[in-house]
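Order of writing sets the labels: A, B and C. Residues in every chain begin at 1.
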Amino acid sequence: MLKGKSLVSINDLSKEEIVHLLDIAEEFSENPRQPVLAGNVVATLFFEPSTRTRLSFESAVNQLGGRVLGFAEASTSSVSKGESLNDTILTVANYVDLIVMRHPIEGAARFASEVSPVPIINAGDGANQHPTQTMLDLFSIRKTQGTLDDLTICMVGDLKYGRTVHSLLMAMSNFRTRFVFIAPPELQLPMEYKLYLQGKGLPYEEFTSLPDHIAGADILYMTRVQRERFSDPLEYEKVKNVYVLHESMLRAAKPTMRVLHPLPRVNEIATDVDASPMAYYFQQARNGVYARMAIMASILGKRG
Amino acid sequence: MLKGKSLVSINDLSKEEIVHLLDIAEEFSENPRQPVLAGNVVATLFFEPSTRTRLSFESAVNQLGGRVLGFAEASTSSVSKGESLNDTILTVANYVDLIVMRHPIEGAARFASEVSPVPIINAGDGANQHPTQTMLDLFSIRKTQGTLDDLTICMVGDLKYGRTVHSLLMAMSNFRTRFVFIAPPELQLPMEYKLYLQGKGLPYEEFTSLPDHIAGADILYMTRVQRERFSDPLEYEKVKNVYVLHESMLRAAKPTMRVLHPLPRVNEIATDVDASPMAYYFQQARNGVYARMAIMASILGKRG
Amino acid sequence: MLKGKSLVSINDLSKEEIVHLLDIAEEFSENPRQPVLAGNVVATLFFEPSTRTRLSFESAVNQLGGRVLGFAEASTSSVSKGESLNDTILTVANYVDLIVMRHPIEGAARFASEVSPVPIINAGDGANQHPTQTMLDLFSIRKTQGTLDDLTICMVGDLKYGRTVHSLLMAMSNFRTRFVFIAPPELQLPMEYKLYLQGKGLPYEEFTSLPDHIAGADILYMTRVQRERFSDPLEYEKVKNVYVLHESMLRAAKPTMRVLHPLPRVNEIATDVDASPMAYYFQQARNGVYARMAIMASILGKRG
């Protein structure tokens, strides 16, 4: 039902569309080497670098038998000759069936989807949206918990600027989620998202301390706390070691709890967590391939 | 008939070869997804970046089932280790069936074609030649006008340094073309090309003002006027807004006239032209894929 | 027998494994376009650029029908976001069946092989190892001499830092080789390798002058003498033109002698050598494709 459509924001998808895409991703996770994109050519236009996301898309296309072309950073693109985004998109649309784009400016993907004759998948536009990340988060949550309904999700770290947190929150609001937000005072969830949850009648709690609130969580969603987000460097020094997950902190957790992280991590998850059965972030990265397979196959009309 | 040969300059092709290649391109435009290059590997060696040209070639190879490898800029190539072009070409020729190369130095492609055991396609060597661009221009002219014979082509902008203008002029001189050249005094067509046309007995006119001369044209070929071409910045400021095409200027044109541009444009075609049925420059970019398919399939012996 | 294993060092391979891989490479050299890697995806992660090696691997994968993704330099990778090598490898391992990596730090490939769930091929880690280079050297020696046994190999140039020299020396020590080392005093073979040969009971001689010692050689293995290896620039100026091979110097050589060079060369082989039937370095580069085909096909279980 996504056939021929662009995917710019997770909010473009209804609850039913999300669930349907997750079912397709589930199918691909069981049988990822199907030539359903044979004969298709996909562009990956990365106006800013994001190796992880780019390689994940390229793996998905290649495993499904499609072909990829594109660029990994803007310096090697026509942008450096002063070309407008409009012209770049209208030109590349002549070469491919689908454009995956990453751009540093918010709204760039929406603009591209409005001028492009071929579908656009937003692979991140500034601090705004990254819907395929959200789809792989949802896939990982459903896969590990057996359901998306009635879960308690504890989100930790930079809740102010964290694009993945905001999109996941909005997508999960379809599924009666209970939210627990844990962030330093400077990086708390913006008011607009709290109002959004209130409008939906969904419960949430806010804390500034990590260890005490893991026990009730089904999902612990960790994010990076980046130095450059702090106006006062001393403030960063104060919190940087507070929002670090250690293996010992998982003892109070439900056995079925899983730790997610959009990656790359820097130090917010200690490496001693990696060996825990609760660590799921590398498997989560693998799920990104399946989620992207589902989205591309749907948009290109190869899956209902 | 190009089988195993290099394509360095449009002048390497006879009129008959040009027409034959255009016929093959026409065939591919009707059916672009044929696995005629299955089993072939093509290198795209871009010693200077040109995203548009590189992606066009890579789309052509991929749509025809071939494989691509290469580099998008010299900084990631062995050139930075002091290797000679001779050695780079002789090495890469071991890896592929065909080398597509872009190089900042005039004559680089000719040199490469003389040392390489595999065919070379010149994708631009400095200000010199870019024959696949000329082929797509010819394809676009024939496609929109139904013929290459007896047309009036109005060339606008930088006629002094414009590589595409010079190559197109020489190729069209096979087809009884009438030329109208419109350029600022500093950027007029070099004398050698005027003498060339005189030698062929072909008529041309020269003007410095754009609007008055559109009415008689079958093709309006716009080019970029680049600041760095002017010795005097004030001279650039004086002309930069004079050689800009606006939609209103098309009212006097023949209904069958089409606007071409090698792209990227900066501001020499106002965006209000884009919606006009006379705007053909993005379709022209698409034609580049078909022209390159024809050239590569011919060189690799997959088309007579 | 390499199925599922990593290849980090040439010393990981027994004499029997080396010979078996060379036999597989021989098969691929006779029939290089076999779709034995169809359905496989290989990552080429080049944390430092090496166009030649990267394109050789990518040609091998593509000729065998597999797919490639990756990056050509670290600046476009997640490394610039502070990600650890551990996390990069664990993430990319989700996308592919095999990782080919080049890294500036010695030991990086060994570390990667210890954490990765998919096999790693070391495509060079600092001054340490580059086993696929050694395999293509061995292939070239056997191909040109008909055997690996009882040969005299004359190694010339930078024998102190030359990674390829050290690996080739250790691999050839399985085959009763006689070694002749020719290097300036500052760049002589390190004592550890001499002790290694003594321990194996293998004869070697050391000289500082090139011309006199070519006559007895079956293989003349030339290497680059790099300015940056010298503490004293005057020392470099003194030797840089001494270790240059000219065509005239080949007159005393055995007719079956062949000149090898890992490439890129700068000026240590004069171009007048290129036309000699003894020049084998470009064919040697081609052999790299076959050697890498053999290694990848074996690791991916497509060849016994």
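The rule is simple: a residue touches a chain if its C-beta (ideal position, glycine included) is under 8 Å from a C-beta of that chain, and two chains touch if they have at least 3 such contacts.
This structure is a prediction, so every number in the text was calculated from the model and none was measured.
K.L.:
Validating interface symmetry: for the copies subunit A and subunit C, is the fraction of residue numbers used by both over half? Same or different.
P.N.:
Both copies, subunit A as well as subunit C, present different residues to each other, with under half of the numbers appearing on both sides.
K.L.:
Through what angle, to the nearest 5 degrees, does subunit A rotate to match subunit B on its C-alpha atoms?
P.N.:
Rotation angle between the two copies comes out at 120 degrees.
K.L.:
In whole angstrom, what separates the CA-based centres of subunit A and subunit C?
P.N.:
Result: the chain centres lie 41 Å from each other.
K.L.:
Which positions in subunit C are in touch with at least two other chains?
P.N.:
Where subunit C is concerned, no single residue meets two or more other chains.
K.L.:
Quick check: in the complex, which residue numbers of subunit C touch subunit B?
P.N.:
33, 49-52, 55-56, 58-59, 62-63, 68, 72-73, 263-266, 271, 282-283, 285-286, 288-289
K.L.:
Which positions of subunit C touch subunit A when the two form their complex?
P.N.:
39, 41, 43, 67, 69-71, 75-78, 80-83, 86-88, 90-92, 94-96
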